[in-house]
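What follows is a structure written as structure tokens; I'll ask about it next.
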Amino acid sequence: MKFFEDIDTRPLLLVPVLALLAWPLIGSGSTWLTLTVAGLAMGMIIFIMASGLTLVFGLMDVLNFGHGLFIALGAFVATSVLGAMGDWTGSGEWWRNMVAVLPAMVVAMAVAAAVGLAFERFIVRPVYGQHLKQILITMGGMIIGEELIKVIWGPQQIALPLPEAMRGAVLVGDAAIEKYRLLAVAVGLAVFAAQMWVLGRTKIGLLIRAGVQDREMVESLGYRIRRLFVGVFVVGSALAGLGGVMWGLYQQNVVPQMGAQVNVLIFIVIIIGGLGSTGGALIGALLVGLMANYTGFLAPKLALFSNIALMAGILLWRPQGVYPVANR
Amino acid sequence: MLETQNLTVRFGGHVAVNAVSCCFEPGTLTAIVGPNGAGKTTYFNLISGQLPATAGSVQLNGRELTGLPASARTRAGLGRAFQLTNLFPNLSVLENVRLAVQATKDGAHRRGLNLWSIWSDHAQLTNRALEILQSVSMTAQQDSPVASLPHGDQRKLEVALLMALEPSVYMFDEPTAGMSHDEAPVILNLIRQLKKDKTKTILLVEHKMDVVRELADRIIVLHNGNLVADGEPGEVIASPIVQEAYLGKAREAA
Amino acid sequence: QGKDIKIAHIYSKTGPLEAYGKQTQTGLMMGLDYATGGTMTVGGRKIVVIEKDDQGKPDLGKNLLAAAYGDDKVDLAVGPTASPVALAMLPVAEEYKKILLVEPAVADSITGDKWNKYIFRTGRNSSQDAIANAVAVDKDGVSIVTMAQDSAFGRDGVKAFKEALKKSKLVHEEYLPPATTDFTAGAQRMIDKLKGQPGRKIIFIIWAGGNPFKIADMDLKRYGIEIATGGNILPAMVAYKQFPGMEGAAYYYFGMPKNPVNDAMVSMHYTQFKSPPDFFTAGGFSSAMALVTALKKTNGDTSANKLISAMEGMSFDTPKGKMTFRKEDHQAMQSMYHFKIKIDPAFAWGVPELIREIKPEEMNVPIRNKR
Amino acid sequence: MSTNLLTLEGVHTHIGAYHILHGVDLVVPRGELTLLLGRNGAGKTTTLRTIMGLWQASQGRITFAGEDITRLNTPAIAQKNIAYVPENMGIFSDLTVKENMLLAARNAKHAVQMDEARLQWIFKLFPPVEKFWNHPAGKLSGGQKQMLAVSRAIVEPRDLLIIDEPSKGLAPAIIQNMIEAFEQLKASGVTILLVEQNIHFAQQLGDTVAVMDNGRVVHAGSMQTLAEDTALQQSLLGLAL
Amino acid sequence: MFNRLISNDQPRSRLLAAVLIVILLGLAFAPFFFPGVKALSVAAKVLIFVVLVAGFDLLLGYTGIVSFAHTMFFGIGAYGIAISSNTWGPTWGAIGLGFALSLALTLVLSLAIGLFSLRVRAIFFAMITLAVAAAFQTLASQLSDFTGGEDGLSFKLPELLLPSTEFSDEPFLGVSLDGRLLCYYLLFVLAVGMLLSLLRIVNSPFGRVLQAIRENEFRAEAIGYRVVVYRTLSSVLSALYACVAGAMLALWLRYNGPDTSLSFEIMMDVLLIVVIGGMGTIYGAAIGAVLFLLAQSYLQDLLRLASEASVAVPLLSSLLSPDRWLLWLGLLFVLSVYYFPTGVVGRLRARAALRALATSKQG
């Protein structure tokens, strides 16, 4: 397939190389395995949260500082949905738990999408193409949204207990691999595959990138770019909602500020990825996840700065991220 | 005297300018012609420093310019007008020109690094800018923001900026493209005037053969990045390579 | 006299600690109501509470306190929610020579090296928390690893905890960045340290925000490792449901103290909100009790010197039983509660069952101000 | 059906506070090539943009194939099977040449669905389009970009081509190709509205001519009439053909 | 004469001139017009933010660089005073030394960042500064032995600036003449001086080049301006302004902590003030700072009144609750982008220009 021929494979090696470099430093094989699997899974959760932002930021060139809002929203919706399905989450059977989690995901995505629709209309639309104003107005939107979450759900933290069957770990020798992380990997891969398919096999990705550069020209070619932009924004918001559910279940509790808390992290991920490349964002997320675990184990003091150091290192190697998308 | 030696640039596998060695004497106008994509603009980019060369060197009056940034080359006396208009869109027409005047040797003392004087105290700069606008008959638009100018006027302003720099080498890249038939002569007159002052080196990229024929003292031809012909206008235009590769069937029309 | 007694309550009405601050305010108002027998007057003077929102920002809190003393002419102030805010406020009380009753900010240094004589605190300090927990888990043959935030709060807590341990063995101190969300690496280190140890193995957690209990998902049971921690607000104790049998020491849980003041508060709270009072409600209530007791002693006189001499060494009733302001550093000495988590389907959270009340006398809380 | 594919009646256009078009009347006969001439700033580009709905006419009426399109938005107008080449070429510089072409081919979902025969015809007219097929379009030379812009407009058959100064920056040989292309297109029944400064080009192609000045059409007629009347040329264009 | 003082940068709108004069007088006589601790704090904060924001405008409005690291320098300035007073005691020497050290650190860091800014794309640069600023804030709260960590540092100043120093027993016009008043006027003089000097800079030939770089960096380089040099200089200058503003903050508060001078929230406030006031105008900094800080400081009081008036309407009253003041602040962010695309200054100037056009047409 042509698609694979064009791929620059060097960034793909980053993840295994990092993992292998860490092995001798960590020493014990089982510890290494625990850390590596946990880091990769954490990367997947981060990727799900960031994937919507790569779409919106990378393709539409919208610096959406309000992305975290949709993450928080998704998580809060999940508390309500799962709270109403206590029987299903409390049961120890896999299928009953999944039946509870699936609607939570669907409803969270739907709510995030609906709010995204309004957000695009009232917050983002007037400022396409103007980064600075995007920053301000989406920050405003984020603040408003966070306050509204407090009005609806209250300012305190809400527990989001993980369904019974997803708790605990699978033991591989001496290494403990949490079950929930395995689920996260599955969901993350599904999101990744879907995005790659839509962007790689259809004209949508091209149209959006073209629309960012010269909106008038795309319209002159007969495409309703506005609708497409709305669509992408809505999808991006829905993905953030899904990310919120995953993140909330991981944390097992949610607070209104959670969106703001992950904002910087997901921006770092998509910068490493090259602003707008789905594959890049995945690599970025996995690297961030691994790096956090390895430094957390080897030198916890430095863990705080591991993301920044990682980003600086990557940008020194490739100043436009691992997969540069556009000259913006 | 401007000289390029073996000037080469490669983009991946594609050699856009291939070992071009050429000298340009003061007092002559050299026209550079060649098919689209022959490497004319790229050659200019290499000379004026917008692109780093893969190999080769650029010298002005014996001074080595290779490796210097574009701004330093401009200060050394290389002036350039761009093919695709490239101005300060939200500043006024006058301010555009004034900035170029300010960048000259006797601009605002030390070329704009003057933090503590007030710009409007430098009246001579404004006056000089107005003079230049006069010469391209654009004084009426002096306060309009550039973004609102029609295409043709933007092209004229592009030339005005070059004039304001007062370089010793003038490089024009299709200065009259998209200019109407009563506007183009204004620019062509300016170039003629420059020619009269026998100390300026002038390089002109132009596709309009009537213009080339009238103005050029010498023509060089680029083709696929190679310098393929160099000499008297009449001779070069008559050469088979120009007739076929460049003019094609347009022979009769031109 | 007849002039109103003005009290400023400066707390996080908004900001990350909004939920805590609101509990304090509820408790304060209920406490004033209870302590004055519903009259809201002491010594013939009416008590008026002015609320101010510090948003969790130290500079703002500092300005608000100055404005409260200077512009609103309050007689004394209560608050704030967060320790950094409290620390920024301390010099203001000294400048204006008026009382600041700290509740519920916990940092040791508030009644430690940053203290001045206008500062009193009804809330517990970090040391009290840590020492109580040490008393609760300290047994022969126990190996302990501490896990705390790498911040002043975490390090102070561990230090006090460590000093109070008498019998058990402290194997390792793990400090993690306060913003940690993935605890795998830290947990792995702690597992490595503990798994070879004989006897009972405990990870003691001092943490605020986040969810450090996730480490249980790494199947600590296979090495027989247990988790211990202090009390928390009810929503946070939902996570305790996963740890039946977990032990620790709490500042307050509504079901634990047995005294009339607590009974009154619990029933007042149920009537008003149809829910039990929480951690910080009790704190607010206690501060109200302290204020009214002191004002009764001075017969409504609010001059700082009178109040200070009335309050130093003063004992007063609170939902947590009797508290006493220690003369040296004005810290309220109070009971803590050794608990064990029990699962009760009637409650959304893990219910801490009282094992025993740790009386103030049992805790040797160091005096850290250089008075 | 009327013989005029496109008509403008008394069209006024404002850009911000500026009044640019002062009642433009223009007819574009079906199947012919109509030239719009005029000096810089006369309002040619503004007229084209107003037709495409990129600027709204504040007054007047624009009809295409008998239908009023004055108030339609740009995509709707383009979907009437109209192609537009703007003055600044509108190249998507981050996309490759192929991707640029693919976007212009509205009916094709993938690159392979583009009409192969038509592509070959374009490649022959404008060889660089083929040569740089997989290169980012932003890296093309000025003239190559111009070729790409025109290629995009003709990648699929359209009823009306609206083109703003296609010849600027093109080498003579290519201009010749373009003239041929337009002739072939015309022969296949396509109507063309062209703004052009290159008078040789204009002369060889134009069926009808409209000359603009100051936001109005000041002369309209056949190319032939203009070509024969030197006095008229002088007064309208400031030159003799 | 006056014209030269403002570097010939006239307000170009009579209303704007009037507003500026009102602000100047209001700040000059704030202690007398608006007595009270809170009012004076707000006025002092306006002074500090005028310097902070005007410096940022040099970078953003004039040079077109979006940086989120501005508060980092603000923090450095504030920590300079805080740490030095804390370690060496409340002496003028300590303050001077702390200030000098923080300026030096600012210079080095901003130089590094400025040089870096040319290596990467504008948007990457913005995001990188965001991360760097976040890292710096973390660092400040980690180095608790030095910076006091999350708790920050409360410190003392030389006697002269303390509220307890009374210069006269008699209050003057009802205001007691104490060290706090002196401190306020110190800030006032500093702020006015800094603002005038900045006006001078942006109206110099240098300032014009910055605008050219903002408009078209490529062309600015092509006509002979070394863009790297100008950008770096601009980012260094702007950082120094922020550093001074930080020092002013520390002097006024006698406290500093990570939340107070380094938080991302402040960065957002600064951005918003620039936009409300009008980018690339310097005067906008003053107007924006006044508007924003008044809104921020009194919004809760205002909402309290509003929610009391609307108790009858349940949902509205919960939205109008003073606890939800941030909601309205967020709305302010959104609305100011909607209705002031060119800021207050831009709006007033456009209005004046239209009027002039109308009268010149008539005349």
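Note that the chains take the letters A, B, C, D and E in the order they are written out, and that residue 1 is the start of every chain.
Operating definition for what follows: contacts are C-beta pairs under 8 Å (C-beta built on N, C-alpha and C of every residue); 3 or more make two chains touch, one makes a residue touch a chain.
For clarity, every value in this text was computed on a predicted model and none was experimentally measured.
Enquirer: Spelling it out: a chain qualifies if it touches chain C and also touches chain D; which chains qualify?
Expert: A
Enquirer: Enter the minimum step count from chain A to chain D; a value of 1 means the two chains touch.
Expert: 1
Enquirer: Rounded to a whole Å, what is the gap between the Cα centroids of chain B and chain D?
Expert: The computed centroid separation for chain B versus chain D comes out at 29 Å.
Enquirer: Could you please state the distance in Å, as a whole number, between where the Cα atoms of chain C are centred and where those of chain E are centred?
Expert: Going by mean C-alpha positions, chain C sits 37 Å from chain E.
Enquirer: In chain C, which residues are in touch with two or more of the other chains?
Expert: Expected reply: 14, 18, 150, 177.
Enquirer: Which parts of chain A, given as residue numbers and ranges, touch two or more other chains?
Expert: Touching at least two other chains: 150, 301, 304, 327.
Enquirer: Multi-chain contacts only, two chains or more: what residues does chain E have there?
Expert: Expected reply: 138, 142, 324, 326.
Enquirer: Got a list of which chains touch which?
Expert: A-C, A-D, A-E, B-D, B-E, C-E
Enquirer: Which stretch or stretches of chain E touch chain C in the complex?
Expert: Residue positions touching the partner: 36-38, 41, 138, 141-142, 144, 149-152, 154, 163-164, 253-255, 257, 259-260, 300, 322-326.
Enquirer: Show me the residue ranges of chain C that touch chain A in the complex, using the header's touch definition.
Expert: Residue positions touching the partner: 14, 16, 18-19, 22, 150, 174-177, 179-182, 184-186, 188-189, 192, 209-211, 213-214, 217-219, 222, 233, 235-236, 238-239, 241-242, 348.
Enquirer: State the interface residues of chain A toward chain D in the complex, per the touch definition above.
Expert: Where chain A meets chain D, its residues are 201-203, 206-207, 209-210, 213-214, 216-225, 325-327.
Enquirer: What part of chain C is in contact with chain E in the complex they form?
Expert: 13-14, 18, 53, 56-59, 62-64, 66-67, 69-71, 83-84, 87-88, 90-91, 95, 107, 109, 114, 150-153, 177
Enquirer: Mind listing the chain B positions that touch chain E in their complex?
Expert: Contact set of chain B toward chain E: 48, 50, 69-72, 74-75, 80, 82, 86-91, 95, 98-100, 102-104, 107-109, 111-120, 122, 161, 165.
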